[in-house]
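Read through the structures below before going on.
Across the two complexes that follow, chain A remains constant while its partner is chain B and subsequently chain C.
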Partner chain A sequence: MSDKKAKYQEVAYYPGCALEGSGSAYDTSTRALGKALGLKIKEVENWNCCGAMEVKNIDPKIQTYLSSRVMSITANKMNMDTVMVPCNGCYHNLKKAEYDLANDDKTAEVVDRLSKKAGHDTYQPGQVETIHALDWIKETIGEEGLRERVKNSLVGIKIANYYGCMYTRPRHIFPEKDAGPGSESTFKPHFMDDLLEAAGAENVEFPLKTACCGGAHTLSDCDTSTLLVTNILQAAEAAGAEVIATECPTCHSGLEMHQIRAEKTLGIKTNVKIIYFTQLLGMALGLKPKAVGLHENISDSFDFVKNKGLA
Partner chain B sequence: MEEELLRDKDIIWQCVSCNKCTYACPRDVEPEGVMKATAHWLELKGHTPKSHSTIFDEIFNEQVMATGKIEDGRTVRRYFQRTGQALFQPWLIEMVKSLMRNLPIGMLTRMGLANFITPRTRDWSGAGDAIGEYVAEREAHHRKALKLDDLVQMAETELGGH
Partner chain C sequence: MKSLANIGQRLNQLVAQPAQPSDAAELLALGETALEHWVRAKGKEPTSDLREGYRLLALHRQGADKDPSFNACRETCRELVYHYNLLTMEPEHPESAQRARMMPLVARHLFLFISGKLESRELGDFCCASKPLREKVDESVPAQ
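Then we have the complex of A and B:
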C-alpha cells in the first residue's frame, strides 16, 4: 500500500458552509461515496467558515486566520494529520493559509495574535495536509479500484469535466501539483477525468476545464456571471457533452442558477446536465440517485439518469 | 496616477478573482490583490459609491464575525435588502421552483428551519471579538495612511470659517 493510500484511509472532513446549505447535495454524495468505498471520515469538530471569497476583501489575514483555525482543530484537538475538503473554495483557502503561514512572518504573527485572543492553539504550518475530495478517491481507491467496484457503468455518458479556478490557481499554493508522474496538472487537470473514465464515462475534449464561472460575483455582478457561465455551458454542448461534472459547490450552483438566468434574460437555452462528480461516481457504484442527493440539486437530472440506466 | 485610476474605475470592479493572470505571469505577480486594494481605495477616498460587491463582502464578514459560519439564504436576503433590490426576481423564482420539484418534505423543513436556527460555531465570541478588534485596527490604519481624518477636519474648518 502506498504511503498516501494508507494515510488517507481515515481523514478529517471539512464540509464548510456551502455544503451545509446550497451545496448539501455535495455533502450527501461525498459521505455516501466514502461509505460505499469503505473510507472513514471524521468531521472537523466545531468548525468555522474558511472566509470563502469575501473575507479576504475586508482583510486577507482574517481569511488566513479563519482557515488556520480549521487546521488547528484538526491537528491539535483531533490529533489528525490530513483534512479532506470537497469544496474548491475551502480547499483553496486552507492551501493558501498553509502557504502564507510558512512564507510570511507578518501573517504568522497576526494569526498567532488572533488565535491566542480566541483561546486556541496557533496552527503551525506542516501540521496538517489539506487534500481535495478528488485526491482522496484517486489515492485510496484509484482507477483500478473503481473499475473493480463499478455496478452501473457510466458507459455511453458524455462528460465535460469542469474544475473551475480555485483547484489549480495560483499554482504556488499547490506545491504537490505539477510534480511529475501521478501528480495533478495545474495546466490541464485530469484527476476527475481519470476517475469518471474508470467508471465507464466517455470524457469529451473540453477546453474550458479551468475557466471562471464568475462565482465570486454570482449575485453582485449577475450579468458577468451569466455570460461566463453561458460560455461554459455552450462550450460543453459544442464539445458533445451531455453532463458537466463539477467538484465545487460555488461552480455547481453558479452553473445551475445562471443556466436558468441565461434562458430568462438572454433567451439562451442549454440542456447540458450539471452533476457533482461524487454523485456520478456514487451512482456508478450502484447507489440510488436519492442516496447521492440528486434531489438536492437545483437542476433536474432525474429523467436523464433514469434513461442512462443509473436509477 | 489618481486621475488615471479614476478613468479606469469601472473596469476594476469586474475582476472575478480567477487568477488566470497570475497563472500566466512568469513572476507570480498577483494583480487580484492590487485590483481589490484599488477598489477599496476608490471607495475610501469617496471617488465611487460603495459597490454591490463590497456590500456583499461586508454582509458576509458581519455574519462570520457574529456566528463563525455562513447561511446562504440569509446572506442573499440581506444582500438584496441592503442594495435595495427586490428579492423575488423572476429568475430566482424559477430557480426555487426547479429546486422544489424533487425535494422531499424533510429537506424543505430543514431549509425552512435554517431561517430561524442560524448555523453557528460554538464558543465563537472570543474569535469573533478578536477579528472585530483587528478589523477596527486596520480601518484606523487605512484612514491614517490616506489622511482621511485630516480631510474631514479641513472640510470642517472650512465650513466653520463661514
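Then we have the complex of A and C:
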C-alpha cells in the first residue's frame, strides 16, 4: 500500500459552510461515497468558516487565521494529519493559509496572536496536509479500485468535467500539482476525468474545465454570472456532453441556478445535467440516487439517471 | 480598435454560424483586442511583446500584473492559443470541425470574463472582492 493510500484511509473531514447549505447534496454524497468505499472520515470538531471570500476582502490575515484554526483543531485536538475538503473555496483557502504561514512572518505573527487570544494552539505549517475530495478517492481507491467496485457502469454517459477556477489557482499554493506522472495538472486537471472514466463514463473534450463560472459575481453582477454560466453550458453541449460533473458547491449551484435564469432572461435553454462527481461515483457503486442526495440538487436529474440505468 | 460591444456581437455571430477552421486567426485577434481593452482600462499601453510565441499570452500576463484575480482567465487564454494551433497546424484533421466549433465558445468566455471584470473593475483585488466598493459606500455613509 502506498504512503498516501494508507495515510488517507481515515481523514479529518471539513465540510465548510456551503456543504451545510446550498451544497448539502455534495456533503451527502461525499459521506455516502466514502462509506461505500470503506473509507473513514471524522468531521473536524467545532469547525468554523474558512474565511471564504467575504472575510478575505475585509482582512486577508483574518481569513488565514480562520483557515488555520480548522487545521489547528485537526492537528492539535484530533491528532490527525490530513484534512479532506470537498469545497474548492475551502480547499483553496486552507492551502493558501498553509502557504502564507510558511512564507510570511507577519501573517504568522498575526495568526499566533489571534490563536492565543482565542485560546487554542497556533497552527504550525506542515502539521496537516489538506487534500481535496478528488485526491482522497484517487489516492485511496484509484481507477483500478473503482473499476473493481462498479455495479452500475456509467457507460453511455457523456460527461464534461468542470473543475472551476479555484481548484488549481494560484499554482504556487499547490506544490504537489504539476509534479510529474500521477500528479494533478493545473492547466488541464484530470483527476475527475480519470475517476469517472474508470466508472465507465465517456469524457468529452471540454476546453472550459477551469474557466470562471462567475460565482463570485452572483450577487454583485448577476447578469455577468448568467452569461458566463450559459457559455459554459453551451460549450459543454457543443462538446457533446449530457452531464457536467462538478466538484465545487459554488460552481455547482451557480450552474444550476443560472441554467434556469438563462432560460427565463435570455431565452436560452440548455438540457445538460449538472451532477456532483461524488453523486455519479456513488450511483456507479450501486447507491440509490436519494442516498447520494440527488433530490437535494436544484436541477432535476432523476429521469436522466433512471434512463441511464442508475436508479 | 473594435469596441467591446462589437467584439461581443462578432463572437455571437461566430458561435452561431457554421464553424470554419479558417476563423481561428480572427478569433485569436478578437481575444487580443478584448485583452487590450482590459490593459488600457488599467492605464497601460498594451504590449506588442510575445510570450511563448503569442501576443495574446503576453497581453494576459500584462493584464494580470498586480491583479492576481485576472489569472482566472489564464487557462482560457491558453485554450484559445491551443485551439488556434490545432486549427492552423492541422486544418485537415478529422477533429477540425469540432475544434472549430469549440474555439468561438472559448473566445467568447474570455470576452465575457473581461467585459464582466471591466464593468466591475472597481471591485478590488480578487474577482470576488468588494473592498473598494465597500469603502466607497462607507465614505458616503456618515459614521455612527
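Here is the rule we use: the second predicted complex is superposed on the first by the 311 of 311 C-alpha atoms of A that agree within 3 Å, B and C clash if a C-alpha of one lies under 4 Å from a C-alpha of the other, contacts with A are read in each partner's own complex, and residues count from 1 in each chain.
We take it that a contact is a pair of C-beta atoms (placed from the backbone, for glycine too) under 8 Å apart; a residue touches a chain by one contact, two chains touch by 3 or more.
What you are looking at is a predicted structure, and each value in this text was computed from that prediction instead of being measured.
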Combined model on chain A where chain B meets chain C, clash or fit: clash
Which superposed partner A:N57 touches (first chain B, second chain C, both, neither): both
Partner chain in contact with A:P170 - chain B first, chain C second, else both or neither: both
Which superposed partner A:E20 touches (first chain B, second chain C, both, neither): first
Of chain C and chain B, partner touching more chain A residues: B
Which of chain B and chain C A:L227 touches, first, second, both or neither: second
First, second, both or neither for A:H217, with chain B first and chain C second: both
Contacts of A:E205 with chain B and chain C, given as first, second, both or neither: second
Which of chain B and chain C A:A239 touches, first, second, both or neither: second
Superposed model, chain C segment overlapping chain B, candidates 7-15, 25-33, 61-69 or 79-87: 61-69
Shared chain A surface residues [contacts with chain B and with chain C]: 53, 56-58, 165, 168-170, 211-212, 214-217, 220-221, 224, 228
Touch list for chain A against partner chain B, complex: 17-18, 20-22, 24, 46-49, 51-62, 65-66, 69, 110, 113-114, 117-119, 165-166, 168-172, 186, 211-212, 214-217, 219-221, 224, 228, 256-257, 260-261, 264-265, 294-300, 302
Complex contact set, residues of chain C against chain A: 15, 68, 71-76, 78-79, 82-83, 98, 101-102, 105-106, 108-109, 112-113, 115-116, 119-120, 123-124, 126-131, 133-134
Complex contact set, residues of chain A against chain C: 53, 56-58, 165, 168-170, 187, 205, 207-212, 214-217, 220-221, 224, 227-228, 231-232, 234-235, 238-239
Chain A partner contacts - residues on chain B that touch it in the complex: 13-14, 16-20, 22-23, 28, 30, 33, 36, 40, 51-58, 60-61, 64, 68-73, 76, 79, 90-91, 94-95, 98-99, 101-104, 107, 114, 119, 121-124, 126-127, 129-131, 133-135, 138
